[in-house]
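Down below are the structures I want you to see.
Next come two complexes built around chain A: one with chain B, the other with chain C.
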Partner chain A sequence: MAQLNIRSLHKSYGNLSVLENIDIEARDGEFLVLLGPSGCGKSTLLGAIAGLEPISSGDILISGRSVVRLEPKDRDIAMVFQSYALYPTMTVRDNIAFGMKVRGVAKQERDRAIARVAETLQIGALLDRKPGQLSGGQRQRVAMGRALVRSPKVFLFDEPLSNLDAKLRVEMRAEIKKLYQRLSATIVYVTHDQVEAMTLATKIVVMKSGVVQQIGSPDEIYGRPANTYVAGFIGSPPMNLIPARMRRKDGRVLLEIEGTGDKPLHVAISGPANPSVTPEGTAVIAGIRPEAIFLPHEKNHEHTQKIDAVVDLVEPTGSDTFVTLNLGGNKVIARCHPKSALKAGRETFLVDIDGIQIFDVSTGMRIEQAGEDLGMPPVEMTRLASG
Partner chain B sequence: MNAATLASPMPRSAVRTDFGRLLGWAAVYFTLFVFVLFFLGPLFVMITTSLKSIEEIRLGTLIGIPRHPTIQPWIDAWSNACVGVDCTGLSPFFLNTIYLVVPATLIPTAIGALNGYALTQVNFRGQNIVYAIILFGCFTPYQAILIPLAQTLGKLGLAGTINGLILAHVVYGLPFTTMFFRNFFISVPSDLAKAARIDGAGFFQTFRYVMLPMSLPIMVVVIIWQFTSIWNDFLFGVAFTSGRNVPIMVALNNIVSSSTGERPYNIDMASAMLAALPTLLVYVFAGKYFVRGLMAGSVKG
Partner chain C sequence: MTTNNPRATIREILTGWPSKSWLVLLPTLLVTLLVVYGYILWTVVVSLTSSRFFPKYDFVGIEQYAKLWKADRWQIAVDNLWIFASLFIGLSVVAGLVLAIFLDQKVRLENVIRSIYLYPMAISFIVTGIAWKWMLNPGLGIQKLVRDMGYVDFKFDWLINPKMAIYTIVLAAFWQSCGFVMAIFLAGLRGVDAELFKAARIDGAGLPRIYWSIVLPMLRPVFFSVIVILLYQALRSFDLIVSLTNGGPGFSSDLPTTFMYQYTFGRGQLAQGAASAVMITMTVIAIIVPYLYSEIRHERRNAR
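The block that comes next holds the complex of A and B.
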């Protein structure tokens, strides 16, 4: 078990830069998830940590030791591949033992290690089968067994669940989490599935086009996305991003959103920590999570703001009902209680003011609001009528 | 409109399509049957003729079941028939060809497997050009290299020997075997090699323990390919060997052409059957691997 440091790592193919200035630190026992859409460079980064992909510049340290010049086998890592990459002609036993066999570990010791891993993953009955005779979930276990048997410093997982069907994926996800809790190993896990990232990670790295967008705990990533990209990527459905303007009135900071009627809707927010960033009239993007918009009778929140909106679409999913609202021409999704009877038409909703984020229009970066750092409630507590 | 009027035309048209389908199948089977006759006819004639005595052939027609079946022509073809001046039958030449075909099949297969794997794993400048040249080697006609190859074998002191012929077939077989293996290994997911690399296996260990066992289907194809093309080869055999060193196809030719006077059709036919038998058996026993191997790569395994 060890810590992993990635320092100003660059990788490019000719003029095409695929990883830019990556700085990541994973402490001992961290479950680090690299999250991003296809082609964001997350698998390439994992390959670089494994030593399968050469890097252009920068450094990778495992337990404080630079591994950039080491062969994969000398980096003290183990990897689980998306395709499992089990050796098709070998039995499960030989698959797990192959690394030890190559390294010249004695037969007795190999057998002991295999028995231990088989016990951990409950694959004892499969040891003499070939990968072709296994189900997807079983192959997945064997692939993990092959990594586990090495007891490496860092485990690398490359989208290990994406070839499984939905039900099995949820089961295996839970197993990976249990395994992690038992091993308390350092893990780097690549996925494009935000649910996997949220459920498994102690730290998430959100990537886009080879650039790290945000590094933080799942809570931070969800609650305080660094920019509109992260805000729009995390959450299902993602955060509503609505164009708005900053207004000031009677010493209070107001967020002006085009309303449903003639008059714009004003929402009092605590405002930026540094007021000079957003002078009067500055265009910003307001970010509101779907669960921060609800019907008046559903939740009791201290800081709410009434908004009138037109319900366009009601989508019950069983546990929640997603309601698509038209708020001054913006499509906004609210997460409502399934018991709330809703139909298309005009309806009054409440917005949780504490849940409103603001982002810079041009850079997309999140603007820190006053009082946020301390976790204090916003200064303005009075509810303002719209308009 | 009610349900009855809608339903009534249905059965009649169903009958019509059933009949049409039947007719279609009949046409297909008839065509196939004609082709079967066409292909099996010569074989039938060969077998029946080889079981007749020369008197029976002289009296009767070529086509017809032997009235007094005898295996004497087969015995003669194997051990008594005159090949050129020696009346040894095909047996020594059969052994010649075994001695030729085993190394000339195994050596290019082994080297081709390694070559093909290397071409998919090792990245180097001009990789595609190398592969293009190898492909070109596959399509170079025998005739074009006959004289330079003869000169080379002469300089090596291998002219007229079976070892020289082995070398010729090894060299000529390499582009084919390399191409077959390369096309197989290109379809193997790259994750496998990566996994082996992380497991600590080097190039040769990965090849030996992971890749080579996987390539069994294509290896069977390559072996069958090499075996049949060498076994059936006439041109290299006649050009690079002579006398007692010739392979079976050349010997067969000599048997047929060295008979004087009355043609012993029965012995000729038996000789041809004996010469063709090994390749036939290879297809019978390994044919399913052959088809499977040709399909390998098209289906993810």
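The block that comes next holds the complex of A and C.
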């Protein structure tokens, strides 16, 4: 159990920079998820923490001690790999014991440790089998057992569930969460699956091309995405991003969106915390989550605005019905109640005004709105990448 | 390898029997049956007679085999075979494996190096034999070269030393096969998941330990294939000996194959030669059949 600090970490291959200025702090017992698409550098970052990938500059501290110059085995970490990386010719018992054998732990002590881990993970019956005789889920457990037996300061998980089928993935996800709650260990977990990130993490690091986009709790990442990239990456379907203009009228701040027909749509919003950022007529990007657009009878909400839109497509999924709207030429997705009978054609929707975010057009960065953090948990740490 | 894949042929015949594909195979099948299996049978028959220059069908039982196992020259040939086979296989496996492991460490110019090591494989054994014969000739090759450099007492006369001649054959055969063995091991090493190395490093194992405890046990099937192929090569090797020592000096570097050739075609001892040929065939069968059996079983298991 320990805290992990990563300080201005850089990694490059020649001129190609793969990790840029990474600053991450994980407190003791934090479940930190590195989230991003393939090739964003999240696995490389994990490898750097493990000591498997050399870094170009910066520092990594575990429990306040710099580990950059230490071998992987001396960093007091354990890792679970995507392919599980179980030693195929050894039994489950030997797989779990291998690290202890290498370190010269006495046989008695090894057996005790194995028994303890086998009980925690319920793999006692599998100990004398070879990995080839195990199912995917069982292999996953054994791989976790091999990590667990070390009782390391930090656990590293590299996309541990991506080789499992959908049903098993959900089960194992729950098991990892239970295990985490029992161990209250510090965990760094790499995934490209936002659902895994949202369900498991206490803190999410969203990455793109080697640059950290946002660090925050799942709530913050979802509710207050730092930029249009995060807004478009998180959520399924993701946040609608619509070109808009800032207008001022009678002391109110209006967001002007291309509407259906000739008349543009004006939505009154609280406006930027600092009005000088967006003078009259500034182009911005409005971000609206699909659940912030609904049919009038579905929800009672104070701050709503009517919009007329053309329904292009209705996609029922059972729990929700996703409706693709055409709003002045922009494709917008709304999440509606499955019981709401909808047909293609013109329809009136309500937009939850409090759910509208605004982003700078050129930088894509989120513009803080006035009075926004009322009723929101205080921002613990939202460090944004520069450039 | 010089053999076709016999597994495929057998399987195709068995499973394709009701279809028309067997018609296409029929000529090959008939020729193989007659020329290979027919003459194996004929050799067995001859080995049970007292034929000398020409076949004669007077059955004398296992007399030829009794005579064979009493003959000094056959004993030497058999002893030589064990020396040759064990050293040749041992050296090739160890050196091939070490080369493969070195080449698997992401070295530069890997393709070039691999081709260089594989190249001897492209040469026929006759050429290898003659080239090594020149190099090992004391008055012509290495010994002369070193002596010319000033070391006048240098001696390297294995080729003409009855006690050492068999080792020259080991040397030449090893030189020829080592790269091939390396290539097979390299293919096996490439199949090892890179994450295993990472996991083992986190477990604290150094490279030697990783190879010894994790990678080599994984290569067990590769070891098996390599050893069977080399063993079969050792048993049937003939051209290399003929071109390098021709069994000499005297018959000190004879192998069962050269013995068989000498008796059958050189000394007019057809039945005796046939008996030795049957011994060789039985040894090959004893090795190949279990191998094929395990391979076919493995394939079936995978097919399911």
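Heads up, the rule we're going with is that the second predicted complex is superposed on the first by the 374 of 387 C-alpha atoms of A that agree within 3 Å, B and C clash if a C-alpha of one lies under 4 Å from a C-alpha of the other, contacts with A are read in each partner's own complex, and residues count from 1 in each chain.
The criterion applied here is as follows: a contact is a pair of C-beta atoms (placed from the backbone, for glycine too) under 8 Å apart; a residue touches a chain by one contact, two chains touch by 3 or more.
For clarity, every value in this text was computed on a predicted model and none was experimentally measured.
Partners chain B and chain C clash in the overlay (superposition on chain A). Contacts of A:Val102 after superposition: both chain B and chain C are touched. In the superposition on chain A, A:Lys73 contacts both chain B and chain C.
Within the superposed three-chain model, A:Ser83 lies in touch with chain B and with chain C [touch as defined at top].
Shared-chain residue A:Ala341: touches no atom of chain B or chain C. Where the contact sets of chain A with chain B and with chain C meet, they give residues 50, 52, 71-73, 77-79, 81-83, 85-90, 98-99, 102-103, 146.
Within the complex formed with chain B, the chain A residues making contact are 50-52, 71-73, 77-79, 81-83, 85-90, 98-99, 102-103, 132, 146.
Considering their complex, residues 189, 191-192, 194-201, 205, 209-210, 213-214, 216, 301 of chain B touch chain A.
Remark: chain C residues 193, 195-196, 198-205, 209, 213-214, 217-218, 220 touch chain A in the complex.
Listed in rising order, the residues of chain A touching chain C in the complex are 47, 50, 52, 71-73, 77-79, 81-83, 85-90, 98-99, 102-103, 146.
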